[in-house]
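The structures considered in this document are given below.
Two complexes come next, and they have one chain in common, chain A, joined by chain B in the first and chain C in the second.
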Partner chain A sequence: MQPGALSKALKSGAIWGFIVLELAFFSIAGEFLSLSDKAFMDWENMLLLLKQSAPIGIIAMGMTLVMVNGNIDLSVGATFAIAAIVLLDSMTWPIFAGLGDWVIPVAWLLALAVGTLLGALNGLIVWKTGVDAFIVTLGSMLGFRGIVFMFNGENPTSHLNWTLVDFAEAQFLGLHTATWFLLGVTLALWFVMARTVHGRNAYAIGDNREAAVNAGIRVGPHMMINFAIIGFLAALSAVVFYSESGSVNPNDGQLYELWVITAVVLGGTKITGGAGNVIGTFGGVIAIQLLRKGLGHIGADTSTVNLVIGLILIAVLILDRQLNIKGKEELKV
Partner chain B sequence: MTDPVLRLENIVKTFPGVRALDGVSFSVMPGEVHALMGENGAGKSTLMKVLGGIHQPDGGAIVMGDTPVVMAGPLEAKAKGIVFIHQELSLAEELSVAENIYLGELPRKSFGRVDWARLAERTNSILKKLNVGFDARTRVGDLSIANQQMVEIARALTVDAKAVIFDEPTASLTDAEKVVLFDVIADLKASGVGIIYISHRMEEIFKITDRISILRDGQYQGTVNTAETTEEAVTQMMIGRKLDLSRNASHHELGNVALQVRGLSCGKLYSDVSFEVRRGEVLGFYGLVGAGRTEIAETLFGLRDPSSGQILLDGEEVRISSPADAIARGISLVPEDRKGQGLVLGMNCRDNMTLPQVDDLKAGPFMAEGAEVAIFDQYRDKLDIRTPGWKQRVGNLSGGNQQKIVIGKWLSMHPNVLIVDEPTRGIDVGSKSEIHKLLRDLAAQGYAVIVISSEMPEVLHVSDRIVAMYSGRIMRTFTSEEVTEDSLIQAISGLGGDKAA
Partner chain C sequence: MSDASRNASDLREGIMATLSRQQVGAILARQGILIAFAVFMIAFTLANPKFLTPDNVLSVVRSSAIIGVMALGVTFVVISGNLDLSVGSMMSFSTIVVLDLHDKMGPLLAIPAMFAMTLCLGAFIGFLVGYLRLNSLIVTLGMLSAIHGLTLTYSGGQNMDIADKEGTWFSIFGQGTALGIPVPILIFVALAALLGLALAKTPFGRKVYAVGGNGTAATFSGIPRARTVFTCYLISAACVATAGLIQASRSLGSQNTVGQGLELEVLAAVILGGASLLGGSGTIFKTVIGVLILGFIQNGLLLVGLQFYVQFVVTWVIIILAVWLDIAAKRGKLWSPIA
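Entry: the complex of A and B
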């Protein structure tokens, strides 16, 4: 076995082990603490869990790509809200009045296009100015959120289209529409990252930017494409979610960026870039959702949930460090 | 007469505060190995980066065939048949060997997919030529530094090269790997490729090159035929004066034993290691890469815990728990990997040099800037560090000057025991002899000095005694009077040599 192989195996498997642990814990603890007499690992419950994972999960796949690339995007929550407003509001625009239910694909396309453009804009600024992605997207997070509030003040934007709701609530082969989108996006992003030249170059850039430049890889365009992809996915997440709920509050999507980043990091993506994959991220998303749901199941409130997730994130990072050091034959740092 | 593969005409390149290249011209013929020599900071790497499309020249022209060409970027240079093997490793550690070799030009198939089959096939055929012990799918970060260097070298074989640039390729290679590299170069040469070879190692230059071009302070000094010149002549062109190679023979009194090690072992890395070093003495450690020398140094510096054995400082047994502990006890280590362990590349020269003593250089709550600058100036002069000023980012210095900053940093700590691991890797002959002299001087002043080196002339030159290591064990300890090159080689290859200290 090569040095470091054990640590790698542990790391890639760790998130799934953690999920099993969560399932066991909440099933047993639920027997004693839960208010309902339904088992935690109930099939319906698990299907619901997947569905509820979708909004964060879809964005997290894009964040994996962006973080592997050596960047970060803090504006995804705000992009999510803007796309939601575009989706719901455009369905009421008079010019689309004659379309009937054909307004649905039009509204979808509009929302997705807006998300993609906002993402590309982030990417363009990072590329052309060379300013750190953290700063650029911190700015656009505030800016985009400002636009959301300018649109309708504190009031929600609502529009219910029953065809759309039916579609969003449909179940195909047992899985909800949102779950299918999550699975599809995971597969697509896996393909992009593991199989395409663009994906591999993204890894190289995040790993050693100077080496990538020396090898003639055009760093800027690759980064911009990845920001466009995450913008698109933030919008897709909104489209999937609001097709069902039909009403968006101006605060919706806040803190999504943090949930998403937590899931990605839990899933084993290196914060400095160069390593990580969507399968791990998928595990991270599930682990977080399990924790939220499980803690709710045994009667904990939201603030407890946040506290526990925060502690686990830190614990995981420490463990990860320890494993890495073991891999290097005990060399102290 | 055949036409040159490429010709550089009056290349000029300035960086803020530095005229790195000042009208350099030279040409490379097909099938020739052309050495480029010069002191640290003379502009060799910069010239090659201009040729490789990484820097754009401020003046002058690159001519290939009959036409001047513009190298707009690295890919364009590659497309024109110029392959650049960089001085500092330029690899993505998390990616596989194959992806690194074909970085920037992974073979594609439909839908922008990577053609893994073709990639593996091509890579494996290259790796076979290089006769290395890893395959296309190995993660580069899992390879030793030497093997990573072989990955860089493999890049030379990926395209139909017209010219291949090797910027100090042997700095971290073992002798066996050097043989492979020289075979590769011979093959390239035989197929009519022009090779530019940068190195500070004279014996290599005289062994494999046909012509030598020399730079000094960014200025072209001329080109000579290797067969018709001597090391002295080349050195003089490089540094503009004659070099004093005599060993500082001052025979001073040896002091008491500063550091003693008894039966020290550390897992599989090394075992049952015993030696002592006195004040006023230079103890050399010689052996092949991987013999365990660096690991011993790391143990003494508190970076590794030994599994058994004793360390005594001034006769007292100590446990060195961390580098901070080691520094407090007067042990300093100049590490072998300057980028990873010795320098903060983004910080300026002065701050790098005074980094370990920030706590001592305070004036009230503030940094004593004046004192810091004074320290920097002192060691810049002592080590002849070439930089426009202390404000320069260390990352912008030439490789050799970076190494001098690391040495200066630890010297400024006035340690009792100074351990230097490969102190002159990538350092030009002039500064090399300066550093050797400095190590001797330090011993004369009463420091105990341990020098780890893979260069035989270096250990022979600086050491009072030499410890020969093979595969984690001390094979023999020589005094400078009794040592011969042959006995040393035998000892470090595990042949002969009585296993006594």
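Entry: the complex of A and C
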């Protein structure tokens, strides 16, 4: 075995080990503490868990790509809300009145286009101005949220289309529509990152931007494409979620960026870029959702969920550091 | 042509001769934020004469004081090369704690107790980032969530109110005035002066810049990097506790989420003041300007009759413009050299 291989295997497997641990813990603790008679690892419950992971999970896949690329996007929650408003509001526009149910794909396309454009705008600013992505997206997080509030004040935007709700609530081969979207996005992003030139270049840029430039990789367009992708996925997440719920509050999606980043970091993506993959992120998303659901199952409230997730994030960081130090002992300053 | 105007044009030519374009760029880079602030104030005063009246200015500064006090502490953290995203939920925590303890043990004991508890949180973050050298973005992100949970657990999810709102002197920090100036402003100014001196004129301040500018070099020069970062987080926590005190005293009752989202506004003010997120640059004075710009934008846009939410969009544009022009002046080119 090569040196460092053990810690590598430990790290990539850690998230799945953690998930198994969670499942075991909540199943056993649930027997004693839960108010309901149902077992935690009930099939229905697990299906629901996958479905509920979708909104955060779909965005997290895009965040993996952006973070591997060495950037970060704090504006995804606000993009999510804007896309949701476009989706629900455009279905009531008079110009689409004659379309009947054909308005649904039109509204979807509009919402996705808006999300992609907003993401691309972030990317363009990062590329052309050279301002750090953290600052650019911090700004647009405020700006996009401002646009959301300017649209309808503090009032919710609602529109229920029953065809749409039926589609969103449908189950195909046992899995919900949202779950299919999550799986599809995971697969697509896995393909993009592992099997395409663009994905390879994204890793190279995140690992060492200088070297990537010297190797002739055009850094800017790659970053912009990645921001467009995460914008698209934030909109897709909104499309999947609001097709079912049919009503969006202007505060919706707030703090999503924190959940998403937590999931991505739990999944082993390096915050400085160059390392990480969507399969790990998928594990991170499931782990967080399990924790939320599991703590609810044994009767803990949201406050405990917040507390535990924050501390786990820090614990993972400490663990990761300990595993890294072992390999770098002689390099220590 | 009269003598006076000839003299003036001579003077201008003289100035242009001595100041090459690059130097103008450098001056703009250094003082750009002040110039922008001045232009901004003049524009809004022209648009609405009420803008620059003492009453309005005082009310703007007073409402900026809470953000401002937190921004002072975050400036230290950012100069030392780290981030603090937990100040918003930490502020909720100290507000809730001091309101709760006020009725249980009286304000005289409640305030130091709240400060001690908030400083413990700051020390915990400082330990993780300073001594364990963990990534500050992720640590404070985790703490944002964890402290929010802690606050909810502490309060049981209930709003916290002081029972006897009329009969307590506790309201002085948020609602009182001294010499005709609201107390929050006095606290903000005093703290800014104190921390400004600490940063600019003391050995500790120099260590903060050194650690943020080049941590490895600082370590090799014998500067205790871990302890410096640790102290920065303690200062940040102390500022947050002060902000929580002002907030609690102003409203005498609070929700659990009173500070939610403030971390980003605070960070925006610090960045607007020109502190680099890479560390090693920024001053307290510029942060204060950043805070005031945000406060006056909000107020000015309302006074000219725009919707409340327009300020977010304007802030977005201004933050990016400010940082962009700052780095453009430093690299001597407007557009980034990224291919």
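Keep this in mind: the second predicted complex is superposed on the first by the 327 of 333 C-alpha atoms of A that agree within 3 Å, B and C clash if a C-alpha of one lies under 4 Å from a C-alpha of the other, contacts with A are read in each partner's own complex, and residues count from 1 in each chain.
Just so it is clear, contacts are C-beta pairs under 8 Å (C-beta built on N, C-alpha and C of every residue); 3 or more make two chains touch, one makes a residue touch a chain.
This is a predicted model, so every value here is computed, not measured.
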{"item": "First (chain B), second (chain C), both or neither touched by A:V213", "value": "both"}
{"item": "Which superposed partner A:V20 touches (first chain B, second chain C, both, neither)", "value": "neither"}
{"item": "Chain B versus chain C as contact partner of A:L138, first or second or both or neither", "value": "second"}
{"item": "Chain B versus chain C as contact partner of A:K128, first or second or both or neither", "value": "second"}
{"item": "Dominant contact partner of chain A by residue count, chain C or chain B", "value": "C"}
{"item": "Touching partner for A:L173 - first (chain B), second (chain C), both, neither", "value": "neither"}
{"item": "Set of chain A residues, in rising order, touched by both chain B and chain C", "value": "213"}
{"item": "Of all residues in chain A, those that touch chain C in their complex", "value": "74, 125, 127-132, 134-136, 138-147, 149-150, 153, 213, 218-220, 223, 254, 258, 261-262, 265, 271-272, 301-314, 317-318, 321, 333"}
{"item": "Contacting residues of chain A [partner chain B, same complex]", "value": "2-4, 195-198, 200-201, 203-204, 207-208, 210-217, 270, 274-275, 329-332"}
{"item": "List of chain C residues in touch with chain A within their complex", "value": "128, 132-135, 137-139, 141-153, 157, 216, 219, 261, 264-265, 267-268, 271, 277, 307-313, 315-317, 319-320, 323-324, 327-328, 331, 335-339"}
{"item": "Interface residues, chain B side, partner chain A - complex", "value": "53-54, 73-76, 78, 84, 86, 90-95, 99, 103-106, 108, 111-114, 142, 267, 269, 298, 302-305, 322"}
